[in-house]
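Each structure below is given as structure tokens.
In what follows, chain A forms one complex with chain B and a second complex with chain C.
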Partner chain A sequence: MNSLLEQIHLLAPLALGIIAVWMLLPREGARPWILASLCGLSAVLWLTKNFLPPAEDWVQTGMFYAFAAGAVLSGVMMITESNPVYAALWFAMVTLSVCGLFLINAAPFLAAATVVVYAGAIVVTFLFVIMLAQQGGATGYDRKAFQPTLASIAGFMLLACLLFTLQEWGGKAVVVEGEEPKTPRPQFVLPPAHMVTNPLSHPMPRSDRPDQNDLGTLQGVGRSLFGDYLFAVELAGTVLLIATIGAIALSPRRSQGTL
Partner chain B sequence: MTAQLESQLVVGAILFVLGAIGFLTRRNLILMMLSAELMLHGVAVNLTAFGRYHGNASGQVFTIFVLTIAACEAGLSLALILGLYQRRKSLDVHLWGNLGEPNLPQMSVDDGMRMEPQHPQGMPVLTPAGAMPTSASAAASNKI
Partner chain C sequence: MEWLQNPLIMAGVAIGIALGGILTTCAYLILLERKLSAWMQDRLGPNRVGPMGLLQPLADGAKLMLKEDVIPGHVNKFLFVLGPAISVFTTMLAFAVVPFGPVSHEKGQFPFVIAPGVDLGIVFIFAVTSLAVYSIILGGWASNNKYSALGSLRASAQVVSYEIPLGMSVVGLALLHSSMSLEKILINQAEMGFLGWNIWYQPVACLIFFTAALAESNRLPFDLTECEQELVGGFHTEYSAMKWAMFFLGEYTHVITISFLTSVLFFGGWHFPFIAEAASAYPGAWVVKVGVLLFKVSCMIVLIQMLRWTIPRFRFDQLMSLAWKGLIPMATVNVLIVMCVLEFNLPRLWLLPLSLLLFVGVGLIGTQASLPASGAVRRKKPVGPIVAAAHH
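Here is the complex of A and B:
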């Protein structure tokens, strides 16, 4: 029980956020919008206080806050929207916010490719299918979620486990016995001493010369894609071909009657 | 440069869990597939954050593969959904709940209620042919 109480600053905002999602999930009758949004906003602010990125550059930090908040809030709106057309549009908003996060992560090519593939192709195709199959807007099965309580509890457990692991990993890294922690907040980026021997958790030696550090350029991505992962690229092409053939074979024929 | 890793991992985890909740609760087939794509987004944020932390392009390359698989999945799932819609004229996933084993309990739409397993429609109902043989009669038949 004490160990649970120690994690109250992690568990309480998670519980608030999950309760907000649970209140917003489609159900019969009115949903408490105001209470749920208050719960959700307080949960987001509380979590932000715990997992605050250290203020280095206010432009980057502000961009990160904007895109992260956009992604999370649009995701909540997507899974709680009863009209499937609006849910698909909220998913497009999630995609755009995630592309902003890609930009922060020095992946401009990936951001452009994701906008083209997701917002340009996948969301539009989903919208086509919704328009074909369900022209009347929200139907009865959209207005009532399936087992919202059980799913909320499962999501709470999963998220609590993930964030607790993150916190423990970073918290044990800096705080050494009998020594003042260097930073007031534990840093995640320094792995614990017994983990350093893991070859997978080593940062690559990064050169400071700008002509050798090709992270984020199209050249670096292309060299890694067609150099290190050429076999995987061929496999991915084969998977795309097989999926195309499968989709053509599975799709309903006109002779069987159209929609 | 690498200080935002933990925050990005938190955002990825939240997106993943939101997608999982959506996949479990929504009953529309299309929205279930969109929730699966939301989970893929969370994974992609994780991959690029670690790629920047390690200073190489592997995270971005993995994300490109995730994009590929997501495109395959969207095409196949939409073909399947259209085929399913043609049969039942509805996108409700619970119309296909009888694809499982018939003797398993099915979770109903309401909270905490369990429906009795229903006999699948259109299947012949066999009358029971007699009492189950007990072990004594089985032993007797073995002797004969």
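Here is the complex of A and C:
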């Protein structure tokens, strides 16, 4: 119980968040918009106390707030929107906002790849399916959320796990052997020691790199993917290949008369 | 001239020149297209406004601006207006990393590219142009019209499919130049001379890139999204006046970007033997370089416009099998060839015969697979479910 109380700065805003999203989920009748947005706003503000990035120049900070607010707002709008076409568009907005966050964190390739894959292909496919399926107008299951209570609790459990881990990454001082942390808060930059020693992911120590300046460049991404994390990348590739084969095996054949 | 050192000044000038150039060119591309089609069909074409019809774009522009801008009552207003805006915005944004002259990184010099030093280069262009499909989807869906919806459905399938060969065709280039940056690929080609142009090493990739990019821009022979005979106007059936024109502004900007990309990636950019080498620094060299690049770009644009009046529109299943059964396997094998040549340290000129061999092989397989025998089997498919569906 004590350990739970220690995490009150996480649990209380999350509980507020659950309430906010639960109130906003689509249902019959009116939804308490104002109360829910107040709850959500206070939850976000409470969380920012612990998860604020180190302040840099005002352009960076302003852009961070713009993209972060866009991502959170679009995310909430996406799950509370009762029109599936709008929900898919809000999902595209979430993706674009998160890509903006990637960009200001010097990961342009990740941003571009996410835009191509998610905003450019997956959401387009969603829209495609929704437009084909929605020709008779909105159906009952669009107007009402299915099990709103369980869904919001489960979603926020996941969020709680993520935030707990993040807090361990950024909040506690990270000590890399033989090197004093240069800034007082080396936040969200270096993984903690037990992550570094994970046999599946061996990021090379910085000093071994041939050139120091490849952080954020395509060469850096390539070297990291096919050097440091080769095992994980190959594993992911194999899983995707199996999934592709499975999808082909599941899909109906022309000879079976469908399509 | 202290104020010239400010990075914002030159970026602003570059944006102004690029935007102004693109908008003017778009207007005159329409005139060129009409003149070309008239020439190919043995007509005269527009010849009333100004000498030889040269002021026709101005008259067209004034007409589009002053026309009544109808928003039908049954549409979703916000998305209806958003559609054309996205179309212009994404295609213009893609031009930000395209070099339109000898790129310079020095402060106070005209950079000849809006955003110099973008390491991503071509990936950025793919990311931005992949968003252009939203304009068609939103425009088609918000119009609340069956023809528009069908057009946008076709568009989404087409654009998502053709993005794959488009992306895979430049992987070979990235391997050869170990960079995705357009500026680096251009300067590498210029330093290697005439035989360094990528077209000698990657002819098949050039063909795939050009085809897929043309399909992305939804122009004939890939314009199934607006297909007049079947869909009235496709996704833009309900649009009028300037909003309709913005869709076409987006399309023509896309054509310009494709032409620039093909010239820069495969035809050496501003490089031309003797007159515009990497080392040439005679006074006015930059004018010649820009001129050479613009000449190559105009050739590509004329080629695209002639294609429009030469090749008839694809059928939808032909369109899909071209992407999935033709271009994607071809692009994959092409990447494999480049990897083999680099891995075994073969001379790079091996890529030319190997690519031609690949092209011939794909052609043979493609023609053999579509012989009437296999088509007859497909046609035996029972039509029962379709008839049954019609009764519901």
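Here is the rule we use: the second predicted complex is superposed on the first by the 153 of 259 C-alpha atoms of A that agree within 3 Å, B and C clash if a C-alpha of one lies under 4 Å from a C-alpha of the other, contacts with A are read in each partner's own complex, and residues count from 1 in each chain.
By our rule, contacts are C-beta pairs under 8 Å (C-beta built on N, C-alpha and C of every residue); 3 or more make two chains touch, one makes a residue touch a chain.
Here the structure is a predicted model, which is why all the values come from computation and not from measurement.
*Asks:* With the two structures laid over each other on chain A, which partner does A:L25 touch: chain B (first), chain C (second), both, or neither?
*Replies:* First partner only.
*Asks:* Contacts for A:V76 in the overlay, against chain B (first) and chain C (second): which applies, first, second, both or neither?
*Replies:* First partner only.
*Asks:* Based on the superposed arrangement, let me know which partner A:V124 touches: chain B (first), chain C (second), both, or neither?
*Replies:* Touch status of A:V124: second partner only.
*Asks:* Count the residues of chain A touched by chain B and by chain C, then name the partner with the higher count.
*Replies:* Comparing chain B with chain C, the partner touching more chain A residues is B.
*Asks:* By the touch definition at the top of the document, which applies to A:V94: first (chain B), second (chain C), both, or neither?
*Replies:* first
*Asks:* So, A:R254: does it touch chain B (first), chain C (second), both, or neither?
*Replies:* second
*Asks:* Per the contact definition in the header, classify A:A112: touching chain B only (first), chain C only (second), both, or neither.
*Replies:* Only chain C is touched by A:A112; chain B is not.
*Asks:* A:V239 in the overlay: touching chain B, chain C, both, or neither? Say first, second, both or neither.
*Replies:* first
*Asks:* Once the two structures are fitted together, what part of chain A is touched by chain B and by chain C alike?
*Replies:* After superposing on chain A, chain A residues 109, 113, 121, 125, 132, 257 contact both chain B and chain C.
*Asks:* Which residues, counting only chain C, touch chain A once they are in their complex?
*Replies:* Within the complex, chain C touches chain A at residues 118-120, 123-124, 126-128, 130-131, 133-134, 137-138, 141, 149, 152-153, 156-157, 159-160, 163, 167, 178-180, 378, 381-382, 384-385.
*Asks:* Could you list, by residue number, the parts of chain B that touch chain A in their complex?
*Replies:* Those residues of chain B that touch chain A are 2-11, 13-22, 24-28, 30-31, 33-35, 37-38, 41, 44-45, 48-49, 51-61, 63-65, 67-76, 78-83, 85-86, 90-92, 94, 107, 109, 111-112.
*Asks:* For the complex, which residues does chain A have touching chain B?
*Replies:* The touching residues are 21, 25, 47, 51-54, 56, 60, 64, 68, 71-72, 75-76, 78-79, 84, 87-88, 91, 94-95, 98, 101-102, 104-107, 109-110, 113-114, 117-118, 121-122, 125-126, 129-130, 132-134, 139, 141-142, 144-152, 154-155, 158-159, 162-163, 166, 170, 187-189, 202-206, 213-215, 220-221, 223-225, 228-229, 232, 236, 239-240, 243-244, 246-248, 250-252, 256-257, 259.
*Asks:* Chain C touches which residues of chain A in the complex?
*Replies:* Touching chain C from chain A are residues 85, 89, 92, 108-109, 111-113, 115-116, 119-121, 124-125, 127-128, 131-132, 216-219, 254, 257-258.
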